[in-house]
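Shared chain: subunit A. Partners: subunit B in the first complex, subunit C in the second.
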Partner chain A sequence: MSSRRSRTRQPGCSRISDDQINDLVSKLQQLLPEIRDRRSDKVSAANVLQETCNYIRSLHKEVDGLSERLSELLASTDTAQAAIIRSLLVHK
Partner chain B sequence: MNPKRFSSSTRPSTTVKSRFACGFLRALWRINRQRRTSTSASSREICRRYLRVKVAADVSMASAVGSRRAWSRAILLRKLRNQGQNGTVRVRRMSNIPRMRKRNICGNKCTEEVAGTCQAEQLRKLVPGGEEMDMCNLLGETAHYIECLTTQVNVMRRIAEILST
Partner chain C sequence: MASLISYLNLEEESKRKKLWKTRFELRYPNSRPETSWRSESEQRIYSTKLVDALRLVRRNPSAADKVSSFREIREAADRVLAVAAKGRTRWSRAILASQLRLRLANNMKHKRAKVTCCSRPKRMEKKRFSPTLQRKARLLSRLVPGCRKVSFPNLLEEATDYIAALEMQVRAMTALTELVTGPPVDRLGSTSNS
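What follows is the complex of A and B.
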């Protein structure tokens, strides 16, 4: 008798059901501003995935832009250290 | 036992946002301190600094989330591998951290339809560690990754505002 080791440790994902996929797709739908604003219930899964990819790309671009801006700010100001300390206190 | 460095259970109750903000600000401090000791202001140096800020932001967010998410583990592992190649830090064995293995997608039409599309493939490339996930996990990880990216952008924007005043 061979004992089969279960490959999945999460019981919820051992069988992927329609409901799980739909649930996750609708969760993504809530996060995406484009689709959320349309308030349409008839958005296909492929559409949601495409919008998700576009949204992630736009977030990556924003991170790139902000990183560039921050590196310029660090270079341009002599009081960057003090400003960083101030920010640390604000964010704690 | 998970390495303490990546364990969130020993941390006091703080939000991902505040942990990210503190970690990222400390990284900026270090980058700025190195800038002050360096005399060159070449375009190459500027480009390097921008990349360091970008990497610091991603790694700070992944550290704030910890090892409980596959996408954050992928970023942290990538960082360790890069540091290992530079010879500055020894790469720790990550055997205790559960790995997401490629699982057979148990067929139902909806899953196959979604999983086989080129949008799904694009998504796998955009989410860190996405190429090793099955569809169910990929969607869950994507949702969490988007939430954290949004937080990251908001905090970075706020820091840029403070630094420009």
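What follows is the complex of A and C.
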């Protein structure tokens, strides 16, 4: 593991190629609704990373909100709701 | 003494990693199969398992339990999501591991020493990243569970899968609340679930 400590970073023999990174970045880019809708060609890697962070944070917040909602719903009329859910699942 | 402890933790951690890796490679010897988070069947499986898990959450309507019930639901949602990944991704294993650790700590009624803070720094690839990029990458690595010390391409791969999984989680939970109440506000524009 520690045998490869050479600091010489020649582009030809770097373990992680630039192309690979660009490929991954563009794949990530396709997932982000902000950038996809904007349709601009000048999206830098830093931009993609920033948008990714923002998107993940907003998804987290969304899940939090939904959990909150579900916890309220389940706390209120539990037996009735549970019965509804169960019946609907069986129907599926 | 501290170095011995950290060495032992290191051993544990690398053993755990090898165990995960061999289990995974035994089942999928060729490639790295991806979970199709977009498929309806995946979402349906997730919803079913989530409902099962939610039924076990204690439903105590007292005010003090509001926070804990929210916590339990959030954890159940994340746990079922991580299980759906079938151990293929780092973020899913990290979610399960951290939840297990919390549970064990609570059961034993005393805080266990955290294992991860003594882990050695990974061999750093000295790639010429600009400081802005490095900063953003660090931010991202904090958001994706279990990815604080992974290489940049791994981080991107994990983030890609994590985002797809999160989107499915939102779709499934939205559909679930839709079942129980009327149509909720959903920003992702998820259509009906049948």
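Criterion: the second predicted complex is superposed on the first by the 64 of 92 C-alpha atoms of A that agree within 3 Å, B and C clash if a C-alpha of one lies under 4 Å from a C-alpha of the other, contacts with A are read in each partner's own complex, and residues count from 1 in each chain.
Heads up, the rule we're going with is that a contact is a pair of C-beta atoms (placed from the backbone, for glycine too) under 8 Å apart; a residue touches a chain by one contact, two chains touch by 3 or more.
Since we're looking at a predicted model, the values are computed, not measured.
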item: Subunit B and subunit C contact sites that coincide on subunit A, given as residue numbers; value: 7, 9, 14-16, 20-21, 24-25, 27-28, 31-32, 45-46, 49-50, 52-53, 55-57, 59-60, 62-64, 66-75, 81, 84, 88, 92
item: Subunit A - residues contacting subunit B, complex; value: 7-9, 13-18, 20-22, 24-25, 27-28, 31-32, 45-46, 49-50, 52-53, 55-57, 59-60, 62-64, 66-75, 77, 80-81, 83-84, 86-88, 90-92
item: Residues on subunit B engaged by subunit A in the complex (per definition of touch); value: 18, 21-22, 25-26, 28-29, 31-33, 35, 41, 46, 49-54, 57-58, 98, 101, 103, 105-106, 108, 110-111, 113-114, 117, 119-120, 122-123, 126-127, 134-137, 139-140, 142-143, 145-147, 149-150, 152-153, 155-157, 159-160, 162-165
item: Touch list for subunit C against partner subunit A, complex; value: 44, 48, 51, 54-55, 57, 59-61, 65-66, 69-70, 72-74, 77-78, 123, 125-128, 130, 132-133, 136-137, 139-140, 143-144, 151-153, 156-157, 159-160, 162-164, 166-167, 169-170, 173-174, 176-177, 179-181, 184, 187-188, 194
item: Subunit C-facing residues of subunit A, complex; value: 1-2, 4-5, 7, 9, 14-16, 20-21, 24-25, 27-28, 31-32, 45-46, 49-50, 52-53, 55-57, 59-60, 62-64, 66-76, 78, 81-82, 84-85, 88-89, 92
